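Sending over a structure as structure tokens; questions will come in a sec.
The chains carry the letters A, B, C, D and E, assigned in the order they are written, with residues numbered from 1 in each.
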Amino acid sequence: MSSAATRKPLPLKIALWAFVTIWLLMAAFPFLWTLWGSFKVELDFFSIADWTNAITGANTERTHGSTFTGAGYDGAWVQEDFWRNVINTTFVCIFVVCTSLTIGTLGGYALSRSGFKYVFWLLITALIFRAIPPITLVSGYLPVFFDWNVWGFLPTAIIVLVAINQPFTLWMLHSFFESIPKELDESAKVDGCTQFQAFRRVIIPVMWPGVITTGLFSFLLAYNDFAVTSMILNEGNRTMIPAIAAFMGTTQTEGNVMFAVAAVVSATAPLFVMVLFFQRQIVSGLTAGAVKG
Amino acid sequence: MAEIQLRNISKRWGAFVGVDNFDLTIADKEFLVLLGPSGCGKTTTMRMIAGLEDATEGDILVDGQRVNDLEPKDRDVAMVFQSYALYPNLNVYENIRFPLRVRGIDPSTHDEKVRRASAMVELDEFLHRKPAELSGGQRQRVALARAIVREPNVFLMDEPLSNLDAKLRVSTRAQIKNLSHELAVTTVYVTHDQIEAMTLADRVVVMKQGVVQQVGSPTEIYDKPANDFVASFIGSPAMNLMSGVMSGGTFSTEYTEIQNLSAPDGPVTLGFRAEDAQVVDSGGQINAPIYTMELLGDATMVTVRIGGALVSVKADKSYRAEIEDMVSIHVPSEQCHLFDAQTGARLGD
Amino acid sequence: MAEIQLRNISKRWGAFVGVDNFDLTIADKEFLVLLGPSGCGKTTTMRMIAGLEDATEGDILVDGQRVNDLEPKDRDVAMVFQSYALYPNLNVYENIRFPLRVRGIDPSTHDEKVRRASAMVELDEFLHRKPAELSGGQRQRVALARAIVREPNVFLMDEPLSNLDAKLRVSTRAQIKNLSHELAVTTVYVTHDQIEAMTLADRVVVMKQGVVQQVGSPTEIYDKPANDFVASFIGSPAMNLMSGVMSGGTFSTEYTEIQNLSAPDGPVTLGFRAEDAQVVDSGGQINAPIYTMELLGDATMVTVRIGGALVSVKADKSYRAEIEDMVSIHVPSEQCHLFDAQTGARLGD
Amino acid sequence: EISARVNIVGNEFPAIQTVGAGAQECSGAEVSTNLTADHQKINLPGMQGDPAEYTSAIIANSSIVALMNEDVIRPLDDLVAKHGQGLKKNQLITINGKVMAVAFMANAQHLVYRKDILDQIGVEPPKTYEDMLAAAKMIRDQGILPNPVGGAYAANWNIAQEFNNMFIGYGGEHFKAGTAQPNVNSEAGVKALEMMKALSEYMNPDYLTHDSNATNAEFRAGNVALMNMWGSRAATLVTVDGVPQEVVDGFAIAGPMTVGGGSVPATTLWWDGWTVAKNISDEEAEATFVAMTHAIRPAILESDEIATQAVWLIDGYEPTPAAEGVFAAAQAGSVPYPMLPYMGLMHTALSNELADFMQGKESAEQALKDVEAAYTAAAKEKGFL
Amino acid sequence: MKHRTFFWFFLPTGLAMLVFIAAPLVSIVTQSFFAPHEAVLIEVENCGPFGCKKETTIDQEATAALREAEPMGRFVGFDVYLDRGHLAVTEVGEAWRNADGLGEFFGTLFNLPFYRALSFTLTYTFVCTPLLIALGFAIAISVNALHRKLKGVVIFFSLLPMIVTPLVGSLILFWMIDSRGVIGNFLQYLTNDPDLSLKASSPLMWTSLIVYGIWSSAPFAFVVFYAGLQTVPKDTLEAAQIDGATRWQQIRYVTIPHLMPLVTFVALIQLMDNFRVFEPIVGFSASAHATSLSWIIFNDLGGETQQLSAAATTSVLTVVGVAILLSPVLVRTWREFKGRT
């Protein structure tokens, strides 16, 4: 960890820190601003009159007598039963991630270990598939789903999300698998593994960083998806994002933006925990010492 | 029971020929050593037997059964990889135990087997370590232990001792030999070390650039090399080879005249082994200035330069002389090997 | 110019001691060989010199300058890794050229230098290949060529020949030695092969479990091993060691009685080398039943079992006997080494 | 009360939530609802199946045509006769003599202004857009507000809607009578655009990104004194948290303005209503009708909260102050938003092609030519031309 | 790997894609060659809350008969592809003939919806993609060099632009970059121009969208590269150090080549995603200044009268566009692939 080779000279350290700090500021500022603003009223949050209102909460104080208010949170969670959507989202996310990873790692592994020409064409096809705008796909599903009476249910949305995301998962895992030395599977096969066992017992443990990262993206996709969930789920099964969209209103009708903001902020907290938890897995590079050459 | 037949197998990558037309039957329980210079196709041959590489041509038969299309796991071979190929996420113990686990061998016997294998390669202290925390030789020993822990029909070992020290090497070598006998398995062993080849092999295959040069018992190969390549490759130091001309049973070249040889007249290559010749005070067949001298511990190696080729003989460890001094070397004619100057093929007997 | 001083350096991982209190000055232009069993800390020592591993304790000085905090690239060393560590995306040519490129050496000289280095290790045919398409030995040669292509102050070589065949090994060995002289660089060379150590080294360091056992010239180490470990480690076959009792200048143990020794009475370990003893028809100091016989090509190795230890001597290659036959071995008392039975330290001279 | 399944799809604003909840009060069979902003994309596929997933879709006069075009809703005449005693005559949407939908609420855009500011400059609430311009100039010149006019001119559905208003105000007809041929590249069209451009001079320079939400936000922040806004948004405009007191106090609404001396106000009238699917059994249709009629029975207006949710068309509705604007719009002879099969295409074409003109990148004629060309291409594809 | 093994491994994912992507794709392509039937219009009297009016409507019986005859609709071949809403060949041809000079030609060209969208889409794609890859890589390298304890938190915060729902995220940013929002004000302060408004001018709006694009996608590149960095072989890095490589050279010659498959992957995905840019345009209400192909599709599907054929056609054109865009990368992948077998 700390040999002369890995120690950094001071100027480099400073440059590094400066860069990371600037980036963090850029990345987190809008969110922190939102977090702060979620305890304000809409007028302060958007602060059209004077941007400092967002910090001081002048209008919030006028209405609520204090510069902070939990009205947005109260509205979203208590009044609008946002927790229902959270549960739905949790359900969708868990299943999407698990299914995606299961079938995606199998496929990605096969693609990375087979040298036949069709592999390339499969990869290209997957890529072309991904090029289709999801909204077109979804509008194509609707008549069929209504016909089959599967429209509106969580499992349908899960399957659709998994399928739509497969090209991405496949490519990503394929790229990760490529970097794992072939000798590992070979040795496992000689030791008596079927291809599948070699995959499960030897490759997957080494692949954790890749799998977890891919999982993270599958998760974010399911979590952030609007195109599919808004069109395929019925109101009772709605996930967070369509619910948040509903808080925002439409041209002719009033929404409640602060509910949306509060919902967004509170939905980020579990992600924080999740990322902290999984970063260990991402960090642990495991190929060291596997093979020489 | 495992007799392996390799029927004219070849491996090509594009135009490059890795193994060319390899044809051999490895008898059941035979200990076969593949020997040859770096890059001659030893590993490739072994990988084809294991099923890790498809033969471009030819059939591989185990006990008369064509196995070209069988998966490695169904060929019941154990293999030590030249590059170790350890499982980086498992510790040494689990690495060794892995083949037992995946083959569904009764778990209650695992511990004993693993400990026996690890003791054999002196790894007991390191069972809890991950491969990344091991030295090169230790990793190689893990790979070895992993191969011997179960009892397969065929052992494939690709330079399994190359990173071990002499002492460990000798003892492990003995253990491998012993094991292969005891388990009565067919063993294919790749090495670049001829001592290893000599001591272990029932038969040795000498390869060069993908082509088999000679197949035979260690003594055969040592005593009757089929061509000048084998002659120069086997033995340490290698056989001395000199180009010269035969005329009337006498071989002559710079500084050299050896009589009483039976071969047709014309250009030939003559070879003899360092230990078959002696440094004598005078009257030797070779009389040349000393080119270098090396101290070997138990002997001194005296080298002269004849027609561009270096010729070495062992002298007593107390022998002392200066470079450029003349030395006389006795080469008994019955210990000489003659090879065709063009094809390199052995002449006579 | 590069004199390397290692001042009591140690390397620990947690409680495990990789290298313990290593103290040595490597003279400028010296060719130092680190020898020792697998896992004794050779690689670790070398990595500390290169700056790839921090010494837990102690200082490393190059030309009197403390370099502990210098980056590897500023230490001007070239290294051959035990694991090759090639750049998988670059072909052989670019792999070898890499050090020249990153050190900003005049590009017009690159081609020549690369070709010279690759010719030295016989890689010319493979310059366009990627490492993955090379055999083990070929990879190792690339690593070697990469180290020698530029002319550093210090060469560090970690078992650079372990995957080469005997022939190539001998020639490469000679070239390394030559190069190190020609370039007048300090070389630290790790090997487990004592022949290599003997032929190459100005001085040899024998290590065991992180601790230096003996430092000396090859002859010193061979002729006067500092303790029974060194004695048993150096030489091939290893020195025969027997436990026994001294009384009045006579060593005796099972089947054995050797006179005219000078050591105090009490339990000792006696050692002698195989080549110093001869199989005689009768009247030898050892008279024991044959345990095994091995054909070595140029000789026959006869082994007997004495007090649990195996004792081997070389007989002529024409010597034939049956296992369990009695054999008589002559052991000249002046060639015997005596070691303390407890500490293993050398007794006398 | 009912004997077969009811399933409603519709938008999700509070008034429709009320209707949905009302329908769910019915017992005897399952009543489910799916109220979402994306209802327009779902309702058609959801009613095309046989049997249809949805038995009822809640739509507006702009969106009923999509269902009509695809023939997925059924005439309600016999059901009205059987169960529709509580419905007013004007709630029934009759197309070609058949009742196709039942309306329950109305909407329109009209003037929203700051009384305090108009008082300050001493003018009456404008009756025409020309007055509005004059008032805006005064407000700006007096330094009260730099950009006193608000408008939902976001370059999407919003700007097209504002054009429609203005175009109708200038007496324009979108199509050549009785055909699907476009007719916006006319004098009325050019004038409408020029008026919009004139108004935009008094708007926040970002006006092309302001939809009605953003425009309302501007008003609440006190940056805007005059704007044309949806009646449905009036009730909540100043009741949300944190609106400055002077805005709350100054908030006032009035009827829609006219333009260019025209008599028809420059606005459109909208209704929301429900339909019954065609591809369902008669029992389901009846159950749906019963449930929906129950949901909009006059009794729901007894709740104050519900009464203020919309401008109800239900019997017994007393307009709240916030509803005055919509009422005034209806009374002033405003025209309904055209209920034509191809109006949607025109609206889309307008959305896409007007921004260039507003930014001064091209002339009004060119912009309208582009609109017609875009519309024609779309209408040809859809088979209207 | 044997064909059979491959087949079983690939089956689940292949099936999912076949059913949910390939099948709809076929129907999309089909749809783009068909248009709805000619509508038979009749004039009727419509009554509602606001009185009665003569209006046209569709004659259901007549239309139903047409549908019956040709359930797929009218076959129009490439008509939809060539009409004004798409490739607009007639209009382009005309513009070419009538334009004096290239400037005017392009002026006319970019007045056509498809080409206007294309111009922004391509600019966005080619500016965003390289920049975000570079940024993501820089962040990954920096974070990797941080202390272990800090990494988790930094990773989380770096992910925020991607985590915060685009729907809300872009809305929040929309207000922040408003001329009176916090960033808008900051920029005005920086440029010393109190009238600066990002939303009122097209170039600034393009810039904002591109910056947003980079900002929101850099975390993706970052995380992928970061995970890849964990598998960089340590001894190769060490060899490079010994060979005298500086830190930058180690990155250049060891790390980047090792990550190359991932760089290709990120480039592919981002080229594609950026080519389909949509959310920021809606979020920033930027359609007056910038439109994209996806935005056109959304617009066609979202109207009161859904234009399915038009949307299908634009979708197919998008796919073709992506294919053209990716072809250099694909050719490279193909070469590598061939080299490997």
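Keep this in mind: contacts are C-beta pairs under 8 Å (C-beta built on N, C-alpha and C of every residue); 3 or more make two chains touch, one makes a residue touch a chain.
Model, not experiment: these values are computed from the prediction.
Common neighbours of chain A and chain D, listed by label, are E. The minimum number of touch steps linking chain C to chain D comes to 2. Nearest to the global CA centroid, when each chain is reduced to the mean of its CA atoms, is chain A.
Of the two chain pairs shown, A-E and D-E, the one joined by more C-beta contacts is A-E. Centre-to-centre, using mean CA coordinates, chain A is 55 Å away from chain C. The distance from the centre of chain C to the centre of chain E, each centre being the mean of the chain's C-alpha atoms, comes to 63 Å. For the pair chain B and chain C, the distance between mean C-alpha positions equals 21 Å.
Listed for chain D are residues 41, 211, each touching two or more other chains.
Multi-chain contact residues of chain B (touching two or more other chains) are listed as 71, 83, 133-134, 136.
Within chain E, the positions touching two or more other chains are listed as 178, 233, 238, 241, 258, 301, 306. Residues 181, 183-184, 186-195, 197, 201-202, 205-206, 286-293 of chain A are the ones that touch chain B when the two sit in their complex. Residues of chain A that touch chain D in their complex: 40-44, 46, 48-49, 59-60, 62-64, 69, 71, 139, 142-143, 145-147, 149, 151-152, 230-231, 234-236, 238, 242, 245-246, 248-258.
If you check the complex, the residues on chain C that touch chain E are 50-52, 71-73, 76-79, 81, 83, 85-90, 98-99, 102-103, 143, 146, 150, 156.
Against chain C, the residues of chain B that register as touching in their complex are 13, 35-40, 42-44, 82-83, 126, 133-138, 140-141, 158-159, 162-170, 192-195, 198-199, 218-219, 222, 232-233, 235-238, 273, 275, 294-299. Chain contact summary for the complex, chain E toward chain A: residues 1, 3, 5-6, 9-10, 12-14, 16-17, 19-22, 24-25, 27-28, 135, 138-139, 142-143, 145-146, 148, 151-169, 171-173, 175-176, 178, 180-182, 184-185, 215, 219-220, 223-224, 226-234, 238, 241, 247, 258, 261-262, 264-265, 268-269, 272, 275-276, 278, 293-294, 297-298, 301, 306, 308, 311-312, 315, 318-319, 322-323, 326, 330, 333-334, 337, 340-341.
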